[in-house]
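Look at the two complexes coming up: chain A is in both, with chain B in one and chain C in the other.
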Partner chain A sequence: MECREVLLIVWKGEIPIQFVLDPDELSGVETPDPFFLLAPRITYLPLVTEKVSRHFHQHINKSEDDEIWFDYGGDPLKWHYPIGVLFDMYGDPEKLPWKITVHFKEFPADELIRCSNRDVVQSYFFQRLKEADFLKQHKTKVVADLVKKDFKQVWTALYHHKFEEFWLINQKLMKPIESDTFRLIPFKIYTPDHKVIQASFPSMLTENSPSTLGDLIHKFYPNTKAVTGDCEVKIHGVEVEMHLTLQWIATNLSYPDNFIHICIIDPYSKLSVSIFPM
Partner chain B sequence: MITEDDFTKEINIFYAISQKLNDQWQLHQPDKSSYPQTPWLSKRVITKLQIEQTSQKFSPEVIPADICEIITPLSKYITGDYHIIYSHIYKVPMLFFNLSFSNGAKLKLDEVWELTHDTIGDTDKWSFLTEDEHPILSLPYFCLHPCNTGRFMECLLDKTAGSYLLMWISVVTPIIKLDIPLIEYYKYYQLS
Partner chain C sequence: MSVESEGAEPAPKAVVSNKVTVMLKPTANAPILKQKNYIVERSRHVGWISNFLKKQIQAEPDDQVFLYINQCFCPSPDQEVGALFDLYESGKKLVLHYCLTPAWG
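So, the complex of A and B:
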């Protein structure tokens, strides 16, 4: 069962971002003002940066190949990760606003998925919803056709950032249909070296023993500082207790794509980034 | 669907046959510290594409990499990088690939759709082939969506016929014009 207060807090999480144009792309002498934005953690960069694009695009030598992309400290930012995940991986809560550089030239196609329009984001989002639905509910077949309309409504609500509309539909997707819990838990673990671990893990270890976040970390990221407690394990920027059940976390702390996105943060490696900024 | 163990077994058989046939697939075993541990296959192929000037349509013609030909102004060499990976979500094989021009520029989604237009068409291309993150390399690759693979394989798979992997390859590779000497593989598979 969802806890409405938690869902609301998750939905309202925001990151203050300061966008600046890459000075090498500037066409004239006048430097454009930075663009400030309070971006929802749960959404994707392309869904909130149309104004950012318009603001800066007039200050560069335009060409047909221009395609907006972002970097932080030299790392191209993957737009297909939710903004909250990007911030937890790369940003520093002590240093706000988060200063992101905007580019239009030399799209790094070897590192980033191209995002020429909103359909790309929608298609990516649907793939994830479909995967999550399959993991949670079904043993053998994808019944995506039945829930296609629901997906569309979830997407529209995310795009317009409407909490009530989103949960009106999403609660259907979050209701286990074959038992009291999901079959498998949709999750992604982001490691300090920016790798992603994605696999399947049951919501119940045995009939009476639900699996916990600690079980998950232990299985997929063993022998690390995350297990000994020297790394922070964060969801939505908040350290999460290891004894919480994955079923509760999946129901209450999933991102809109119905996956739990878990960031493992090594405070020491972040420290070195801030001492030696690129 | 295919279990991870069966997939691993079939990947290893496929790789052994590919070596006998000099088909140049490579077998990758993820390092011990990473997860998952399932091996995967990759292959690089150079293809000459004829690009019709009026319609901008591609028609591929696979050529051996060592033959030097005079290139007409309208043909381009494309390097394809193909990966066969196990999907831990759907429990089926998945195909990831990138195509690049000889100057290193990656083909865009529209161009890849154009290449596969004869099999995919326009109707459902968004739910069939898009760019996605490679589950092992975490880099952008084109991907044939696996969500319906299990279903169509159920229809195809004659349980007595043997290799799930070969059957799957015979279905997906024509879509992206990847030429594989399947008959040879089947011959060796029956001997294995």
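So, the complex of A and C:
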């Protein structure tokens, strides 16, 4: 069952971001002001940065090849990860606002997927919803039953950040069919070295024994310091109790794409970044 | 924790290889390939398969190739073939349907 209070907290999570233009791309002598934004954790960069693009684009030498992209500390930021995941991987809650550099030139095509417009995000998001549904139900029955209008509503609700409209449809996706739990849990684990683990894991270990977050972490990140407590395991920037069942987490803490995005954070590695800045 | 004893387990270590079989099947009038099955390194990304396929079917540089898993959803270009095989394999192959126009939305 969904817990409305938790869903609302997840939905309302925001990150203050300060965008600055890469000084090497500046065309004139005048440095543009930084652009500040309170960005929802659950959304994607291209959906909230149209104004950022307009703000800075007038300050560069324009060319047809311009395509906006972002980096933090030299790491290009993947637009197809939710903003909350990017922040948990790269940002530092002690240092807000999160200072992101904006680029229009030299798109790192070997590291980032191109995103020429919002439709690319919509298409990517829909594919992930379908993938999550397949894992949960072993058929894409629920997504297949969603009519075009429903999907449009999920997308528009994400874009305009409307909780009620989103959950009106999303609750259909969060309802297990043919049993009390999902078949497999749609999840992605982001490791401190920025790798992504996606694999198969059931919601039930045996008939009476639901799988927990601890089971999942032990299995796919076994040598982790997370087990000994040196690493933090965060979802939506919050450390999550290891004994919580994956079924509950999937229902309440999934991102809008219906995947649980789990970040394993090594505070020591972040510390060394701040001691020896790039 | 009793994860090791129950639940979805990966294949026994003895048969774990760093390569998997990928089957490419045309759909929606896409050009047919002479060879259907390919042995691909697990660490390759979906984007690599798309580029490989485009060369095989001699697609124009601007043509888009759509890949589908289970005739249902498109994998992300940065997903690894090995991980997709473990999740969606059927008959010891990762079956990818391909087409030049979106077939299943």
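By our rule, the second predicted complex is superposed on the first by the 266 of 278 C-alpha atoms of A that agree within 3 Å, B and C clash if a C-alpha of one lies under 4 Å from a C-alpha of the other, contacts with A are read in each partner's own complex, and residues count from 1 in each chain.
One rule holds for everything that comes next: a residue touches a chain if its C-beta (ideal position, glycine included) is under 8 Å from a C-beta of that chain, and two chains touch if they have at least 3 such contacts.
Model, not experiment: these values are computed from the prediction.
J.: Using the superposition on chain A, tell me whether chain B and chain C clash or fit.
T.: Overlaying the two complexes on chain A (C-alpha atoms) leaves chain C and chain B clashing.
J.: Touching A:E131 in the superposition: chain B (first), chain C (second), both, neither?
T.: A:E131: touches chain B and chain C.
J.: Have a look at where A:Q198 lands relative to chain B and chain C in the superposition and call it first, second, both or neither.
T.: Both partners, chain B and chain C.
J.: Could you look at A:H80 and tell me whether it touches chain B, chain C, both or neither (first, second, both, neither)?
T.: Both partners.
J.: After the superposition on A, what does A:F163 contact: first (chain B), second (chain C), both or neither?
T.: A:F163 sits against neither chain B nor chain C.
J.: With the two structures laid over each other on chain A, which partner does A:D119 touch: chain B (first), chain C (second), both, or neither?
T.: Only chain B; A:D119 stays clear of chain C.
J.: Just to be sure I read the superposition right, which of the two partners does A:T206 touch: chain B = first, chain C = second, or both, or neither?
T.: Only chain C; A:T206 stays clear of chain B.
J.: For chain A, what residues appear in both contact lists, the one with chain B and the one with chain C?
T.: The overlap between the chain B and chain C interfaces on chain A comprises residues 78, 80, 113, 123-124, 126-127, 130-131, 134-135, 140, 196-200.
J.: Which stretch or stretches of chain C touch chain A in the complex?
T.: The contact residues of chain C facing chain A are 1-3, 6-8, 10, 47, 69-70, 72-79, 83, 86-87, 105.
J.: For chain A, which residues are in contact with chain C within the complex?
T.: Residues of chain A touching chain C: 78, 80, 113, 123-124, 126-128, 130-131, 134-135, 140, 184, 196-202, 204-206, 209, 211, 214-215, 218-219.
J.: Where on chain A does chain B make contact in their complex?
T.: 78, 80, 109-114, 116, 119-120, 122-124, 126-127, 130-131, 134-135, 140-142, 144, 194-200, 220-221
J.: Where on chain B is chain A touching in the complex?
T.: 1, 34-36, 88-90, 105-106, 108-109, 126-127, 130-133, 135, 138-140, 145, 147-148, 150-151
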